[in-house]
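To start, the structure itself, in structure tokens.
A, B, C and D are the chain letters, set down in written order, and residue numbers restart from 1 in every chain.
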Amino acid sequence: MDVVEYRPTRDQYVWTFGGVAPSHRITPGTLLRLWTEDAFSGRLTSTSDRPSAVLNMAEVNPQTGPFFVEGAEPGDTLALHFVDMTPARDWGASSTIPFFGALSTTERTALLHDPLPERTWIYELDRARGVVRFAAQSVDLELELPCNPMLGTVGVAPAGREVRSSLVPDLFGGNMDTPEMKPGVTCYLGVNVEGALFSVGDGHYRQGEGESCGTAVEGAMDVTLIVELIKDTPTVWPRIESDTHYTVVGSARPLEDAWRASQIGMIAWLGELYGLDRLDAYQLLTQISESPLANVVDTNYSAVTKIAKNLLPAGSAYGGMHAHLRDTARTI
Amino acid sequence: MDVVEYRPTRDQYVWTFGGVAPSHRITPGTLLRLWTEDAFSGRLTSTSDRPSAVLNMAEVNPQTGPFFVEGAEPGDTLALHFVDMTPARDWGASSTIPFFGALSTTERTALLHDPLPERTWIYELDRARGVVRFAAQSVDLELELPCNPMLGTVGVAPAGREVRSSLVPDLFGGNMDTPEMKPGVTCYLGVNVEGALFSVGDGHYRQGEGESCGTAVEGAMDVTLIVELIKDTPTVWPRIESDTHYTVVGSARPLEDAWRASQIGMIAWLGELYGLDRLDAYQLLTQISESPLANVVDTNYSAVTKIAKNLLPAGSAYGGMHAHLRDTARTI
Amino acid sequence: MDVVEYRPTRDQYVWTFGGVAPSHRITPGTLLRLWTEDAFSGRLTSTSDRPSAVLNMAEVNPQTGPFFVEGAEPGDTLALHFVDMTPARDWGASSTIPFFGALSTTERTALLHDPLPERTWIYELDRARGVVRFAAQSVDLELELPCNPMLGTVGVAPAGREVRSSLVPDLFGGNMDTPEMKPGVTCYLGVNVEGALFSVGDGHYRQGEGESCGTAVEGAMDVTLIVELIKDTPTVWPRIESDTHYTVVGSARPLEDAWRASQIGMIAWLGELYGLDRLDAYQLLTQISESPLANVVDTNYSAVTKIAKNLLPAGSAYGGMHAHLRDTARTI
Amino acid sequence: MDVVEYRPTRDQYVWTFGGVAPSHRITPGTLLRLWTEDAFSGRLTSTSDRPSAVLNMAEVNPQTGPFFVEGAEPGDTLALHFVDMTPARDWGASSTIPFFGALSTTERTALLHDPLPERTWIYELDRARGVVRFAAQSVDLELELPCNPMLGTVGVAPAGREVRSSLVPDLFGGNMDTPEMKPGVTCYLGVNVEGALFSVGDGHYRQGEGESCGTAVEGAMDVTLIVELIKDTPTVWPRIESDTHYTVVGSARPLEDAWRASQIGMIAWLGELYGLDRLDAYQLLTQISESPLANVVDTNYSAVTKIAKNLLPAGSAYGGMHAHLRDTARTI
């Protein structure tokens, strides 16, 4: 098994999907040991830091990559199996940012209000207890919250000659900000350009569904993943497979369209897995869909349709790719 | 404890929140043993039934009630504790209905397409195994799905002199279609008119999050609940408390506004419970919110914000009403 | 010609469509000479008035009516021809209202911002010059704006047993707030209940398209209209016919759905008028539709599809009703 | 005056804003005489052509350019004065395209419907009469519609390192599809990258507001424009100035957000022109805004806020740039 380790320096960060030269060329089957900087580019470190003062908005959400996958072509599907995500620092940060967040006027939901106040929270990580600590600033309240590492941003180069900011989620994946992107899952992304050119970033030590204020417990992350390629098999909306669930992520505005995309994606997947026609799949989904929101803050919103495998007959998605990668991961 | 049993006859069904005389006058503390007809008014009984042929669209989603609660006034909160929901029939029904459903053109998302085909599914209930059976019609596939009874519709008379169809969810509750409305929970609804005038209906033997095609496993239900009144305490958006979670339901269009309402409602609740200011509550919610969709099919969409109690310090909502009602329920 | 004059006293104002007894029973062909109070119920009279202090939010947008039209039944269409609208006072008022308006957080687009500041503007009417005067408060700027009287609210009792606030626009008409509802037009509304039970109100001396801050130049109005009934002819979304245009008003959220409704309504109308199938009508509309927004502030938003008659062959809508009412109006 | 003539060959068409090398480097003050191919790349020529058969979806909406403007830097504003737009062919084409259009399920409003039928309309241009001819296919109806040339797509390279498809409208302009982009107007676009890198295309011989089916009367166009640069003056959302109107175009989803953006843009402009604070500008806009929709079909929807100059005192936008360019145009 080829192994590539990569810890980009600040000048190696990338800020877009598409439009940049690959950091590495790898073959399917490669194991990657990566480090990802946090979405603030490490600039938010104290509760006294105000985002408008310390952040450079042209340098937010740095990505690690992109990786050119040998043999990947449009019409193929890239499989990224996340073996491990481990916080690379002992603290994470979150903040309200002017004109950003689900409960704020924004550039896109443009109202006449002044921005909400800026406030920064620092979450200490207790590795032994597996928790991050929330400390309120308006009252004397501290809470231990389970540390649940995930990646906010996983994507390939977009179709249609486009180059998109790493802040955007869409068909190419990107900044989906779903807690489903966690260790042990396989993410399937349709390949749009030769080499796929995927990158990853935006580690979260924890995030609620919807990512209300727009920033999770943001933290640098050590990420281990295995890359595989499924030839001649297209994927439309990003899919995630775990040992327990099938998941599809849709991204759009308004939010109902994001969710509809994820539902249509799942109806297609149920058809592939079990031969159900669209009406039967629609009906089944009506009764078994789990629909936890991902983000309601980014340029597109992201919504999730998720099905528990234990409600379904045994299925084999992408030729059993997830099980194969799980097995491979155990050998590392 | 006062006990009222009520199984409305067909001419006693009500179709609106507000605008109808109470079926009963009850005092706070009363135990109700109710029967609710299914949303199809019992007219859909076979896979060969086509909704456009057998349904009367002026008689869908019948409610049981309304109940006039002595002493209830605007500014109070009604607490409905659901002790039990038991399917009243051995089968439930679901169907695609022309120009209805999240993945169909509708009266409100008016497009030029012909309606999707009508198809009806009948789910046999196996009480011993606690499952309902899905039978696909396009392929040979049968699935056992856990029977998880819930009520799609729980509401009070609206504010502002309005009378709303039982198909509508809004501030007054109504057709929220959230799987959170299940046995063991307490639903809190702000009182808008003297007597509150609440009713319940729309039993689902099971429903996925989002209720994609618009109809769950619809079935008549035997419902046991205890009614309480919290004086001089307003509630804006409907709240649900269980032993494990606090939940707020928002209803609006587009879907992001439904979710925002539920988030704002939860931020208010966190303030009441722990004294957090709005920024601290916003931040905490960002990291711990569960956001499972309720429905993306009704006149308003309904979205949920939900917090696990085990992440929070002990709190006492509405003076410990839920715990009190749980205890009371155990004495029945 | 029967003539009814009606100037409701304060206790005769109605606040809903549906749910109230008729003020009058009239026969088709009746001429009505009505007075309507402004949407503030006359309580906002000076630039020093703050809405939160002087308004009673339970008494906004009073309607004059409702009128029971003899012979009107569901499936019929009511035609209201507006002969004249004349300002009944020499000034109108407009104001920002907390948590209301297109560029403010609202109850439905619920964000964490404080309300925008309240400010009231009084517009003096110069009848001789036919203008109202805008006076800025932040700089020394006064403008004369043409006085273009219109009615914000025209509607019938809703379908489905509902009673809706006079603040709501929907299929029944209501608070559409479109500048198209001006003297000389005929408004067609589908009848939902016996007698139709229509009412009118919410005079505007002038309004921009979209009604940004939520309140036009609000003023009491003297309204003259002729009522007619078109039997056995349904109308779905409200239609307006003038000497120069056909117009359909759709109301929904999000705004694209309001506009889609108006488009579907116009495609139906083009089919009725010229026999065009839906694809030809869709194409024609693509090239000739005028789409001025009505309101982006009310419970539902309202959008307009409008076609200039001079682009089309002569047509006869509703059997030439508008021409007939125009002729009748000239005889008064 | 420098004059550049450019008729790109097929291999010179560009398909994105950003991401391509300039076709020309020009200085401010240059007159451009351009030819633009139609949005179908000239492939739709007969009513028997089905888009799914003849179009190459990777080659739609070709742009002419991009032009590198010497001295243009981020923070400047580009002024494009359209002296003339003349149809370059004697016919235009329009068509329904599968899964595209405001009244169809689309990739983004993903539903389970089959696509609407494809149909193509050819509009003959009568230059003498200044009309294009609509011929219905379902009935015997032909209409003469005024030929009103406009450009659907005018934009600069985007900010944030992005490259966007020519099908997208956004802050950088692009595929706004507003009938306001017509001969005699000056379009102001904020510069995001050195040289601005603007291009134009997508000629329409006529288009209704909203562009319902997604394709106007599409036709090749001869376009004459003058390019100017306003240093050190940023512009957020695209603005258009004519002899009679100030216009701002917002692009987003849902449609209300597109319109809000245009309103916020106009409130800013009123502040610049007359010193009005945001509340006075909001109020004035409420009474005088014209709000004709641009498109409800593209990746973002575009909405317009427009004010008649004759309602306002004389103003001088961008130092009188429009008047200057009008004068210059008369000297050609």
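Assorted remarks:
Here, a contact is a pair of C-beta atoms (placed from the backbone, for glycine too) under 8 Å apart; a residue touches a chain by one contact, two chains touch by 3 or more.
Values in this document were obtained by computation on a predicted structure and should not be read as measured data.
Two copies of one chain, chain B and chain C, form a contact in which over half of the residue numbers belong to both partners.
With chains reduced to the mean position of their C-alpha atoms, the one farthest from chain B is D. Distance between chain C and chain D, defined via averaged C-alpha coordinates, is recorded as 32 Å.
As a whole-number value, the distance joining the C-alpha centres of chain B and chain C reads 35 Å.
With centres set at the average Cα position, the gap from chain B to chain D is 47 Å. For chain C, the set of residues that touch two or more other chains comprises 103, 109-112, 116, 253-254, 260, 263-264, 267, 279, 282.
If you draw each protein chain as a dot and join the dots that touch, every dot ends up joined to every other dot. Residue ranges of chain C in contact with chain D, taken from their complex: 94, 96, 101-103, 116-117, 119, 121, 134, 136-139, 141, 143, 145, 206-217, 253-256, 259-260, 263-264, 267, 274-277, 279-280, 282-293, 296, 301, 303, 305, 311-313.
Contact residues on chain D toward chain A in their complex (touch as defined above): 15-16, 18-19, 58, 108-112, 160-165, 167, 250, 252-254, 257, 260-261, 263-264, 267, 278-279, 282.
Contact residues of chain D toward chain B in the complex are 103-105, 109-114, 116, 254.
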